[in-house]
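Look for chain A in each of the two complexes below; its partner is chain B in the first and chain C in the second.
And then the complex of A and B:
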């Protein structure tokens, strides 16, 4: 059960705009194993959503363009596939949950029909069977009165219920990879707890791997097995969840962890990361975190650090501080 | 310590209109009978899920909405407040001519002290004492005028400067104090990032030298690293300008970090209210217990027992009978389904609206 299901190698997704080229995802590599929950965390504009769109083949072209790299899904490069081949995989083997449960559903179509539509594309089931399967999925994601709910429309449901419907849609074909892009950001905490609980339960039950994209480190801490931290389009640190939270190495990760208030520890002095994320259009040649880093050295300004492997368990960091100790 | 704000039985109902004649067919009770005190120089947190009425409460407290009922005393002496409240109680026991005479007396008193009964002109003059910082740093700034004018609009309205030069000085001083480069005075809001825009919103609110700032989710639209910068700024401004804050938020860890007193709202009502340490330590209301247990913690080493609430927040148009929380409550009893609980005070300074504490002192 430890096969790599998705491997991203040196992915470069750029956007060519009038003002210049935005390197939204710049030389990012990571992999997801079968049945694992990989957390992808970073602030807005760090490239986490563009990474997920690149996997799904949904980057708007133009202005976007995948300039290099590979996205290997079960060994096959998704970037080399035709649109037709991709469509077979999308919605079947790789599915996605979006951030906005309000806009991701079709307002004029019944919930049951929208879920069953997936089966129309990917299976030979007849209409009655498809409907039955849709009702079954609605029940599985914990919505009461599934038969009745299947006949209702999105506006008749709350945000939490709609997100459940989208999850039902994403899981109906039992995908090997589920991409959840900020699945709970638009929801209240009590509903967030319900949805994350559901994703974890289904991850256990179906062994679908999950790419969990969020800005919320607490959500990552409680749900992910491994974590990738991105900053300004680049991977800055990656490790298993316990290592990352117990022993963070990159000054950005360290700063972030020290800057969030923790329930039950109101007297914790919050660390302030000064400044803001640099403009991605004219990124300085050095480390993108240079202008905000408390441990910046002279070479950080002009020289982009390499990714350094800190141990044999895949703890990676992109920072000059660790260059002397380890090299790859 | 005296209170800057005392609110009694505040109600804000929005009519639901239907049909060609736009007849009122019902009410959304967005804020339904809440009472709250805010001590001078303190920060009170108002927390709850979306739709619980916390923003409406904030807007009514800053008199942006006219309330359906209730009183607000702003910077009024405790003796005066007591006088009004006693008079109100007295009226209920009286009848006839005596009652109407007392009523008139109450009316004149309220016109002088209760912010919601002040004549309009008077109220507008006093508005500068309480200002609001809005939730959405993108939607709350006019994109067509330079930030200098956005910050200076209040100064213009209240005529707080003599010369153009003085106006510019005040604005640039505010910008410097809130961490915006004063040389950006002629730039437009789209040229700023989310965090900087929130600073502009804060500068605008500060321009009138208010005593109370109502902060409506001031950091929830911002990135983690920017959130701390804004919280830090707010802390600094509070001590520099002797400000009192009402901090409206849904993030319970931020509220715990930032506030001294906390009130929890559910469907238009304050269900629990206490100083921060008491509230987070002894969560009395089952809703507060569930809400706090649902907050994720950024530490993979701790596993917590989580209370997963069933279902969603009911619609405030047709709230359930009895206690509004009973359909989702894991400790629901028979009485909860039929009768709304009064506000109990099981411990000094810690009040809760829940039947579990029947037998404790009733305070409301």
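And then the complex of A and C:
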């Protein structure tokens, strides 16, 4: 259970646009252990999705480019692999669920064919066997009448069903790592819970590690084992889920947790983090959170804080506030 | 499906009646009937008496409603009488001309579509790279040159100077190919530019869709993605583009037929206009409308086959 399956080291994914270079992911490191669910949180545009696309090798090039770092999957660097080698891993050992189930399936192909297609590229099974396994998988993700459903087209299904199909597609080869990029954002609240339960159930059943990307902290609290918080392309805090929720260190994480509305206390004014995310094109030299931080100090403006380890359990934070404690 | 086809076929009736009405109105209300009849007559016999004879011959002395009903009757029986300038039944003329036009346009169109689909797929596959840019530039150049220029350059250099093809002319049967080669070549040259641009856009439209990212995430290679996913979805706009042009193929390419003396329906129409050949024009208007409506129905039916989201009812 405790083997590291994926290790990202100093990943830098930049987008070279006409207005300038967008440092979508800037010097991010974290790792995922076998079978665990790692939550990756942050607001829109903080680099969550680009991180996942970098792992999959699906960053659109150009304008995107991975400028540095390593992504070690079972010890091998994905960034050094050829497209052919990556194709073998994608859909087989590392798979992905997307945010938009409504558009993530090919509208003119049958559901069963789309699932079976994964097997066509990753196994030697014949056509009949592939279809049978696809039907079995549709049943496994909790869709009634799997034989009939395999023959239907995506437009004949609801968003929640389509997301289940994508999950079936992602898990059919029993991957070591499943990346779920905002898997429930586009769905109704009731369906959200079902989909998350399904992911969690299958995580137990298949022992796939899950990288759960979301901006919804309640999703993280209920599902993740460990959490990585990103802000403006940088990792700002990382800890196991209990530590993070009980003892947040970074002012941004604190602000995020305070911003969650509490049921039953309607008279309390909701906390907000003032200001907006800085433009990633010309990021100031200091801490990217400086202009919104309530605890900002003088040096925060010009000096980017290092990542500091707070304890031996991997609680990391990128903030000047804790440098003293660390060095002494 | 069957109900849909039947219903659409019934819709043909008002459309054809409407087309007949428009033609009828233009001829009777807008155009000067006397001047038309005058021009229709052979030069030697353009007298007032003869005009009256012709007016009676074509039933133009009847009340307007009766005239319109005459036209409708001709439409239904597909008997438009004799051509004034060629002295042959119009139906026979059209039956003879349509295959000639089709021999010019169908092979040319098929080549055009195949060549441009292949090149557009290349562009989409290597988008943004050298070959894509080169083909885009060539397409724009091709689109910018007028057919007239190409005809003249082709006839002068390839036929007159290099003797590769006859300059113009026609023979029946298999020998026709000799005369058709240069027109085919020019047709393809003129049209591939537009097609490549259109097909490339249709393909690229799909390349950036979410389901293509899903396909990549499944570990599919680019060739499979291109053919199985992109092309299958891009077929929907491509098919419309192709099928909607087919009625125009049956009616021929007016310009090529004129310049290469190919006796197709395009030539027939142009000479009929010049000769004030009323029966021929009436017939061509009907043929044109009929082809157009039938093929748009065909396009709609084909849609249902390529796109499962469309159910005809």
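Definition applied: the second predicted complex is superposed on the first by the 320 of 328 C-alpha atoms of A that agree within 3 Å, B and C clash if a C-alpha of one lies under 4 Å from a C-alpha of the other, contacts with A are read in each partner's own complex, and residues count from 1 in each chain.
Just so it is clear, a contact is a pair of C-beta atoms (placed from the backbone, for glycine too) under 8 Å apart; a residue touches a chain by one contact, two chains touch by 3 or more.
Given the structure is predicted, the values throughout are model-derived calculations rather than measurements.
Touch criterion not met for A:281: it reaches neither chain B nor chain C. Applying the stated contact rule after C-alpha superposition, one finds that A:92 touches chain C and leaves chain B untouched.
When both complexes are overlaid on chain A, the residue A:255 reaches chain B alone and has no touch with chain C. Contacts of A:169 after superposition: chain C is touched, whereas chain B is not reached. Looking at the superposition, the partner that touches the larger set of chain A residues, chain B or chain C, turns out to be B. Shared-chain residue A:219: touches chain B; no touch with chain C.
In the overlay built on the shared chain, the residue A:264 is in contact with chain B alone; chain C does not reach it. Once the two complexes are overlaid on the shared chain, A:43 sits against chain B while remaining clear of chain C.
When the two structures are aligned on the shared chain, A:297 is found in touch with neither chain B nor chain C. Within chain A, not a single residue is touched by chain B in the first complex and by chain C in the second. Against chain A, the residues of chain B that register as touching in their complex are 49-50, 193, 195-196, 223-229, 231-232, 250-254, 256-258, 276-277, 280, 290-292, 294-301, 306, 308-309, 312-313. Residues 43-44, 158, 160-161, 188-194, 196-197, 215-222, 241-242, 245-246, 255-257, 259-264, 266, 268, 270-274, 276-277, 292 of chain A touch chain B in their complex. For chain A in complex with chain C, the touching residues are 56, 58, 62, 84, 87-92, 95-96, 98, 100, 103-109, 117-118, 121-122, 153, 155, 166, 169-170.
Of all residues in chain C, only 128, 209-211, 213-221, 224, 228-229, 232-233, 236, 306-309 touch chain A in the complex they form.
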